[in-house]
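One chain, chain A, links the two complexes that follow: it is found with chain B in the first and with chain C in the second.
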Partner chain A sequence: MSSVITISQLSKHYQVPEREGGLKAAITSLFNRKYRTVKAVNSITFNIEPGEVVGFLGPNGAGKTTTLKMLSGLLHPTSGDVRVLGYEPFRRSYDYLRQITLVMGNRNQLTWDLPALDSFDLQRAVYGIPVDEFKRTRDEFIDLLELKDLVNKPVRNLSLGERMKMEIVAALLHKPKVLFLDEPTLGLDVTMQRRIRVFIAEYNRRNNATVLLTSHYMADVEALCKRVIVIHHGRILFDGDLSNLVNQFSAYKTLSVTLQNPDTELSQYGEVLSKDDGRVTLRVPKAQTSQVTAKLLSDLQVDDLTVEDAPVDDIIDQVFSQKEEA
Partner chain B sequence: MNPFKLAWTYFRIGMMNELQYRVNFFIQLLQSAIALTTGLIGLSLVFGQVNNLAGWSRAELLAVMGVHLLMGGVIRSAIQPNMERLMDDVLNGTLDFALTKPADAQALVSIREFRFWQLTDVLVGLVVIGVAVAQLQVRMEVLQVLAFIAALIMGAIMLYCVWLMVTSIAFWVIRVNDIVNLFEGLYAAGRWPVGVYPDWLRTGLTFLVPVAFAVTVPAEAMTNRLTPETMLFAAGLTLMFVVLARGVWLIGLRSYSGASA
Partner chain C sequence: MKRYIDFYLSSMRISILQQFQYRVANYFYMIGMIAEPVIYLVVWSTIANQQGGVAGGYTPGEFAAYYIVWTLVRNMNIVFTPYGWEWRIRQGNLSMELMRPMHPIHNDIAYFSGWKFVVIILWLPLALFLSWVFKPTFDITWMEGIAFFIAIWGAYLIRTMLLSLLGMITFWTTRVSAIFELYFGLELILSGRLVPMTLMPQWVQNLSNYLPFKWTFFFPIETLVGTMFIQELVAGIGTQILWIVIGASILNLVWRAAIKQFSAVGG
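== the complex of A and B ==
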């Protein structure tokens, strides 16, 4: 089967006016403006297959949103090729737009003063969804996200989490095949994040939809994405299984030990990260993990011991800092 | 997607929503009454001094006032709310949502909002026009009525086009609220036939802000002053404005990159 998204050497450069601080520079720049080229996305290449859920990771300003905007037809690429479902997104053909959706966690498309139900109706009209199908999809989503009691309230009276759920319903009513989700869980509490995550996973499963997701919450990525693409300064640093990312970049493991004698000094075994209630957390180089574990068990009276990979957040941090140095 | 059907859906939902807020209706009614009263006082002040103004009699000026009220209602109910929302969308980056819809973006941003209660002004305008026609004691021929309606529609289209062009400036400078205020001030000038103004202002009111065509020309149609040439000229100008507005919109859209996340 052919890829849903193919991106080849895709770049987007912006010309931004540049001037030094101060009034004089401000006046000079009125007449003689200097521009600087910012390479927001710099020759990236990847493919995404049907039904894949891919996490798109990177620090702020890495080029994630710019890439999503090129994919959803909002920005014209400076160079390179981009195709989604066989369409060139920037042509904004209606046939293409009908098959995709864009969700931005920090922005709303629902009308503030209207009940969400009315906004859904507007989506139906815009996408020309047949009424029966529309009602079926809408009720299915309302059910899945448990929104029944809220759809008649004006959107402005909903909580942030409730509103985001409504936003997602509105964005998916036309059953898009490709989902571009830009921080869909931004600012939500843990329970709400999980709800939305489960819903996206369910939508993906039922419709074999392809999802490209950016999020600052690693929990989202770990729960939804088998594969991640890491982007930094407009370039791709890593593209592959999340587990490989962990293996490749995680130099340490975390050992949690509970000892019978809580006062034992453990710094000779590894870097002590924390100590509370007799439970000690140690950071140990990955290669030495089994050695240290064996030593701990033979040297001391151990009640409990667990070995964990470093949190993905930390690993991502390391990926960025390593590449900065390189 | 049929844009008229879509516009109807927006209209229907907007109306249903606004009908819940009866207070708005009374506030709007009060505003219309104030506008009408001050207009009438202005007229009587003028005609306390003179018998006609640049060749327009009192009843004829009443007709101008009626058209001005009516067109003001059209602007405030259908044009201005959409353009204000467009401005907000450009500022906040939410225009992205409109641009990822399978519909013509210009059509979509032009039909999303409708302020139902502002139609009071349209109603009051129609009543004033009716009174004016009665006072004029002329029998309006069918052709004249048709010309009047056509002139109104063309005038509304021209105003929409100018407003869209002004709003499109937001693509480059983001904040254009002041320009909109200026537009409102100039529209207020349409309360009098453009013939009463000095040449330079009349030209501005004709070509920059086509108040002349939105208000004076329809009033001319009612008062037997309209020539086929003016009508033809209006049609040509409307077409020009439509093409120009489309062009400015498309160019503006190209420089829109959305507020970054």
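== the complex of A and C ==
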């Protein structure tokens, strides 16, 4: 099975003018302008197979959006090879653009003053979708996202979450094979985030679409992505299963203990993270988890005890900090 | 081709729906816009009256006809501006347009074409009012009427090409309003927007024949107001087509370089 997305040694560098503050520096820069090279993406390599949903993680400025823009044909790479569905995205072949979509949480492609149905119809015309197929797809998406009562309202009267759902419908009406989703749940409440996640998962399942997703909400990643790619300072720090990321980088586990005597001091067993209604949360080094658990059970009257991996957010933070130190 | 026709019709429909939502704003904008030709008209009518009823071959009635048709041509000449290009590049909106499997200029042309239908409907009462006040002299043949209809769309397309080319400078630098203003200054003098070209010095008239500006203002107005032979009408429309082809060809070349330059700022 050949990969849908193939990236090899892909880089995007920018030349950014820079000068110090002050009048003298301003005048000097007129004659002797200095530039600094910013390596937004620096020699990254990965493949994505058909139907995979991959989380693309990293802090702000890590190079996620730049990579998505190169993959969707908006940016020319500085160097390296990139192929999506066999096309070189930067050539912007219309056949290629018909098979992909890019959803950005902060972008708007709907006509503000008109009902979303009008924008959907324009998308039909843009992609040359046959009318019957368009109506079938549109109605299917409207049902899945529960938008029936909203599609006739002017877009300006919709909430942020409702608008985002409309944006996603508009972006997928042409049934793209590859989805680049850049913060699709940005700024949405928990319920709306969940609905959008369910929809993306369902679209992936029904169409075997390949999805590359960036999100700062780990709930999105945990719900949708088996595999994650972690990028920082334009370089890939981790590429593999989410569970491997947890095993590899989680140095701690979280123990939640409910004791018969809630006043018992537990700091000798690990770092106390919280105490709430007799339930104590401890952080213990992963290697000592079984030892600490056994000691707790033998030393104290324990009503309940659970052992969990650290939250993925913490693990990702740890990946960044470990690599920074390295 | 079928897809493009479908797209143009859909985009024009969206534009008409949207611009009718803004009908009051559109109307006030048009009313504001007639201040410019009315000033020109009053000045030149006064000069004509002081010179015994004719100035540069135009009677006050012909000046009135010129500037009333001017108001329609000016509205037909409204296209997506270089400032709009600057805005959509800086705001990142161009990124979304670039994801479509078609050149963004199709959307610009289609959207503004739809807007024209709203403009024409709103313009009619204004034209009637101006005619009632300034008593224009019209002597229009059906041939001139057809030529005018073609020429105003030709003017629209030439200006779309020119201003899109100008707007694309913003792919290289986002602070280009001074260049835009220089262009608009040249256009004012060399297009017939300020005064009919026949009132300009001969060398300006000669120069304007080799530039595109005149074919966006003076020519369409003259097809209706002047007395042109059919050969002149056909030659004028032919020249418009030539400028559209030249503009589209240059635009295509510049676009290929511009898109490599695009830094997809702002999202």
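Quick note on the criterion: the second predicted complex is superposed on the first by the 322 of 326 C-alpha atoms of A that agree within 3 Å, B and C clash if a C-alpha of one lies under 4 Å from a C-alpha of the other, contacts with A are read in each partner's own complex, and residues count from 1 in each chain.
Just so we're on the same page, a contact is a pair of C-beta atoms (placed from the backbone, for glycine too) under 8 Å apart; a residue touches a chain by one contact, two chains touch by 3 or more.
Bear in mind that the values here come from a model prediction, so they are computed numbers and not experimental data.
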| item | value |
| --- | --- |
| Three-chain arrangement built on chain A, chain B and chain C clash or fit | clash |
| Contacts of A:A125 with chain B and chain C, given as first, second, both or neither | both |
| First (chain B), second (chain C), both or neither touched by A:T101 | both |
| Touched partner set for A:R92, first chain B, second chain C, both or neither | both |
| Partner chain(s) touched by A:Q109 [first = chain B, second = chain C, both, neither] | both |
| Contacts of A:K69 with chain B and chain C, given as first, second, both or neither | both |
| Chain A positions touched by chain B in one structure and by chain C in the second | 14, 65, 69, 72-76, 92, 94-95, 97-98, 100-102, 104, 106-109, 113-114, 118, 121-122, 125-128 |
| Chain A contact footprint on chain C (complex, rising order) | 2-3, 6-7, 9-11, 13-14, 17-18, 21-22, 92-93, 95-96, 98-102, 259-260, 262-264, 267 |
| Residues of chain A that touch chain B when the two form their complex | 14, 65, 69, 72-76, 92, 94-95, 97-98, 100-102, 104, 106-109, 113-114, 118, 121-122, 125-128, 182-183 |
| Residue ranges of chain A touching chain C (in the complex, touch as defined) | 14, 65, 69, 72-76, 92, 94-95, 97-98, 100-102, 104, 106-109, 111, 113-114, 118-119, 121-122, 124-128 |
| In the complex with chain A, residue positions of chain B that touch it | 1, 5-6, 9-10, 13, 16-17, 92-94, 96-97, 99-103, 108, 254, 257-258, 260-261 |
